[in-house]
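Below you'll find a set of structures to go through.
There are two complexes below, and they share chain A, which is joined by chain B in the first and by chain C in the second.
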Partner chain A sequence: MSKIWTRMGDGSAIELTPDELRQEIVAGSEDAADKGQIPALDENEIDKLVEIFSAPWRVIGVEPGHEVPLTKDETACTLVSSQLSSGAHLQISREDAVEVFERVFAFDTMELGWIDYSFKPAKPMVSLDQVAVERLLSTTIFPMLYGAMPNMGLYYTPDGPFTNPADLLPLMKMDEARAEEMNAAELCMEDMIYVCKRFDEIGADGIDFDTTASAGDADFWATLKTVEELKKTTDLGIEVGMSGEFILGMHGEVEYNGKRLAGMFPHQQLKVVEEAGADIFGPVCNTKTNKAAAWNTARAVTFVKEVCKQATIPIHVNVGMGVGGVPMFETPPIDAVTRASVAMVEVAKVDGL
Partner chain B sequence: MGNEEFYKEAGDAIKACDKEKAADVAKRALAAGIAPDEILKKGFIVGITEMGDLFERGQVFLPELVLASDAMSAAAAVCSAAVAEAGGDEEVEEAIVLGTVQGDVHDIGKTIVVAFLRANGYNVHDLGRDVSADKFIAKAEEVDAKVIGMSALLTTTMREQKRILEALEKQGLKGKYKTIVGGGASTQNWADQIGADAYGEDANDSVKKINALLGR
Partner chain C sequence: MQLNHRMRLPEAKKYVADKLKVSTFDLSDSTVMRNLREELDIGCVEAIPGLAKGLAAKARIADLLDIKIACVEKLKEKMP
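Presenting the complex of A and B:
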């Protein structure tokens, strides 16, 4: 029986028989269905994924007419820095890099962000970034967003004023840990609102909250409350992108509109993001490095398909290093990236990547 | 009260995160003639394993997991003391030194791994975040650790895991400790490349890998 060349979730090359490939896809989908308590992919969808992964070409694309917008998070650091996301370290400014994303790479939206890419360090630099975004608004056509991560961990010791829950929990100081998390969330929210309103002042098209909930449920709460405030008081378009497939319960009891945030899977995250008033949702599904790329893609597609089914706002799924079915490898292999992307469009029916 | 009821009560005490109850069930089960390893394996460990599964499904959360591991420690201490009293060798918890590597302050994943390992009866020395190679090695030497665990979230800090292994080699300590790497950017390939003994994909996997390294 002929073998199909494919990859593992860490990017290493493997070969599978068609039967093995199909089994991986079925198992990946069933894992998502079991974890998220959602329907697994049906036979037609499994067939489509088998077809996508069996394609003999290294790079594949969607059918004509099925193209979707590409939005870019993590700013233009990919081109400017040598440290972030396998950065190319080109001797160009962040503003130049944004224009390259529009005019060379044909992205449909873009964001500018401070190089540290978290709201806390961005706050003292906001005047500088205001100037940069303002200039880009006049030299680009695509929607120009400002992007950063809530990254609530920066509000804990050793980086911030509040005692780190990771230090309090092992001492069984649960109440103190929870209190510090909410203190950090309040301050994080204040900083995010301050920074975002400065970009509203200069006419930015929107804000991208990227990698939200990375510090757990209180981090997500801070983002939702910020979005709520911005929708009430500004005209900013808002995209909320996640950091993981379920909300880590560092606190465990934080609620938003009466719903406990901890443990939410993507389709549940969507609902609170919609309630907060966001305009675009970016779900994340984590890659397991010891499983095949086909298993990971099927799993991610199963989660995201349910998100798309329930969504009333556009869904722009995260497809990149270690998420959305893409292998966890610093320079994600293009064969795996295009297969995951096509699967998200053709099977999960996402609105954008 | 039959053995099965004791096993159930033991598992329930862990799932309820009830430290006093766990210790009490252990004492009563031993008094009823159940062997210490029986009540541990068939009762308490079943409970903590279920907590781990529920955590991975997003149905219990970190505070509960930490409390459950504390209850587990209380039950294990009662059982261990009973073994010693009966003239056996008191089971010594194997020491593990674990931390987030230098330059990296991401410690949420590491904290979860610590909770899982403690729940599984390991004596974990949590060094925290931004830990230098020297500190990892000094602590491992001090506590006679069996395993050194190194967490790194970032592609920019994972190279520090390699530096720790190189430092161990330089000091002639490479074979003395089993080594395991984990964190967002690490993979089995990376572990193989730098010569770590194991790679932990997540908290549950880390426990399994460390159990295997130590022949548990």
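Presenting the complex of A and C:
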């Protein structure tokens, strides 16, 4: 029987028999079901993923009429920055880059972000970014967001004012470590609220919180409280994109509306993001490099399908390097990217990517 | 419609299609939409002399879709 040419999670090419491909898909789905305590994909959905991965064409697309809109994080940096943001280092401005994304790459929405893409370093530059977004709101037609990462780790020594919990925990100073995490979360929240309100002042369409909860449960709490405040006091649309499929319990006891944040999987993260008032949720499922792309895609689709089933707000799943079934490789192979994207639309039923 | 009105995709597509008097299928048909965008003067990818661009196109889209767009409202505040 002929073999199917496909990828591993690190982007390298492999060949699988049809039976092996199906086994990878079933195993990936069962792994997500087991970890998230959610239903695995049914036989029809498995068949659809087998069809997607068996398609003989290099690049595939969704069925006509099933197209979804795209949102994007750290966009301008893709063209302007260096490898630190997987960037091409074109000698153009960030504003030029955004216009290229609208009128050359035909994107549906776009955001501007500071070149050092976290709220803390973006804060001192906010007046510059305000005028950049203000100008883009005049020259572009698509929805224009401002984006940055909460990245609460920047508030710990040596970068920030608070003692690093990673230094306190080996000394068994649990209470002190937790206290420093909440101090960092409060300051992170203050900075995010300050920055975001500046973009409400100039009429931006929204804010994209990217890579949320990268520093764990307290980072997630700071973002949820920020969203809550912004929805009460501004007209900004809010997208919350996550950093991982599982909220790390760096603190372990932080709660939002009585729900413990540590250990939450995507469908549970969705619920607190909805409660905070966000308009779009971006779940993340991380890619395992030593597993096949089909295994990773089936696993991510299983998590995201449950999110879409429970959601009352639009779901824009993260399908980029190292997430959403896409290989962890800086120039992700387009065959794997398009298969993961089609699987998210046709099987998980996402509202956008 | 998703970002400011929390509409899931089918609802968002239907809202826009109804307002533009096309089918939801047409929304992704680049031939249909290219002609419609020029006819409605709501901006095209190409730079066409005389057609609405940027904020002017967004003001027309806000009217067509019966929605408020923040930067269009800011422009109105600046008008004498």
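The rule is short, and it goes like this: the second predicted complex is superposed on the first by the 351 of 353 C-alpha atoms of A that agree within 3 Å, B and C clash if a C-alpha of one lies under 4 Å from a C-alpha of the other, contacts with A are read in each partner's own complex, and residues count from 1 in each chain.
Operating definition for what follows: a residue touches a chain if its C-beta (ideal position, glycine included) is under 8 Å from a C-beta of that chain, and two chains touch if they have at least 3 such contacts.
Small disclaimer: the values here were computed from a predicted structure and weren't measured.
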Original post:
Looking at the combined model built on chain A, do chain B and chain C fit side by side or clash?
Top reply: fit
**OP:** Classify the contacts of A:280 with the two partner chains as first (chain B alone), second (chain C alone), both, or neither.
**Re:** second
Original post:
What is the contact status of A:10 with respect to chain B (first) and chain C (second): first, second, both, or neither?
Top reply: first
**OP:** Determine, under the contact definition given at the top, whether A:343 touches first (chain B), second (chain C), both, or neither.
**Re:** neither
Original post:
Should A:164 be classified as contacting the first partner (chain B), the second (chain C), both, or neither?
Top reply: first
Original post:
Looking at the overlay, what does A:250 touch: chain B (first), chain C (second), both, or neither?
Top reply: first
Original post:
Can A:103 be said to touch chain B (first), chain C (second), both, or neither?
Top reply: second
**OP:** Would you check which partner chain A:184 touches, where first means chain B only, second means chain C only, and both and neither mean what they say?
**Re:** neither
Original post:
Is A:67 in contact with chain B, with chain C, with both, or with neither (first, second, both, neither)?
Top reply: second
Subject >> CA minimum distance (chain B, chain C), superposed complexes, angstrom >> reply: 29
Original post:
chain C touches which residues of chain A in the complex?
Top reply: 64-65, 67-69, 103, 106, 109, 137-141, 143-145, 200, 202-206, 235, 237, 239, 279-280, 311-314, 350-352
Original post:
Which positions of chain B touch chain A when the two form their complex?
Top reply: 56-64, 66-67, 70, 105-108, 110-111, 114-115, 126, 128-130, 155-156, 184-185, 187-189, 201
**OP:** Can you check the complex and tell me which residues of chain C touch chain A?
**Re:** 2-9, 12, 24-25, 27-28, 42-43, 45, 53-55, 57-58, 61, 69-74
Subject >> Footprint of chain B on chain A - complex, ascending >> reply: 10-12, 35, 83-84, 86, 153, 158-159, 164, 166-167, 169-170, 172, 174, 177-178, 214-217, 246-252, 262-265, 288-290, 322, 328-330
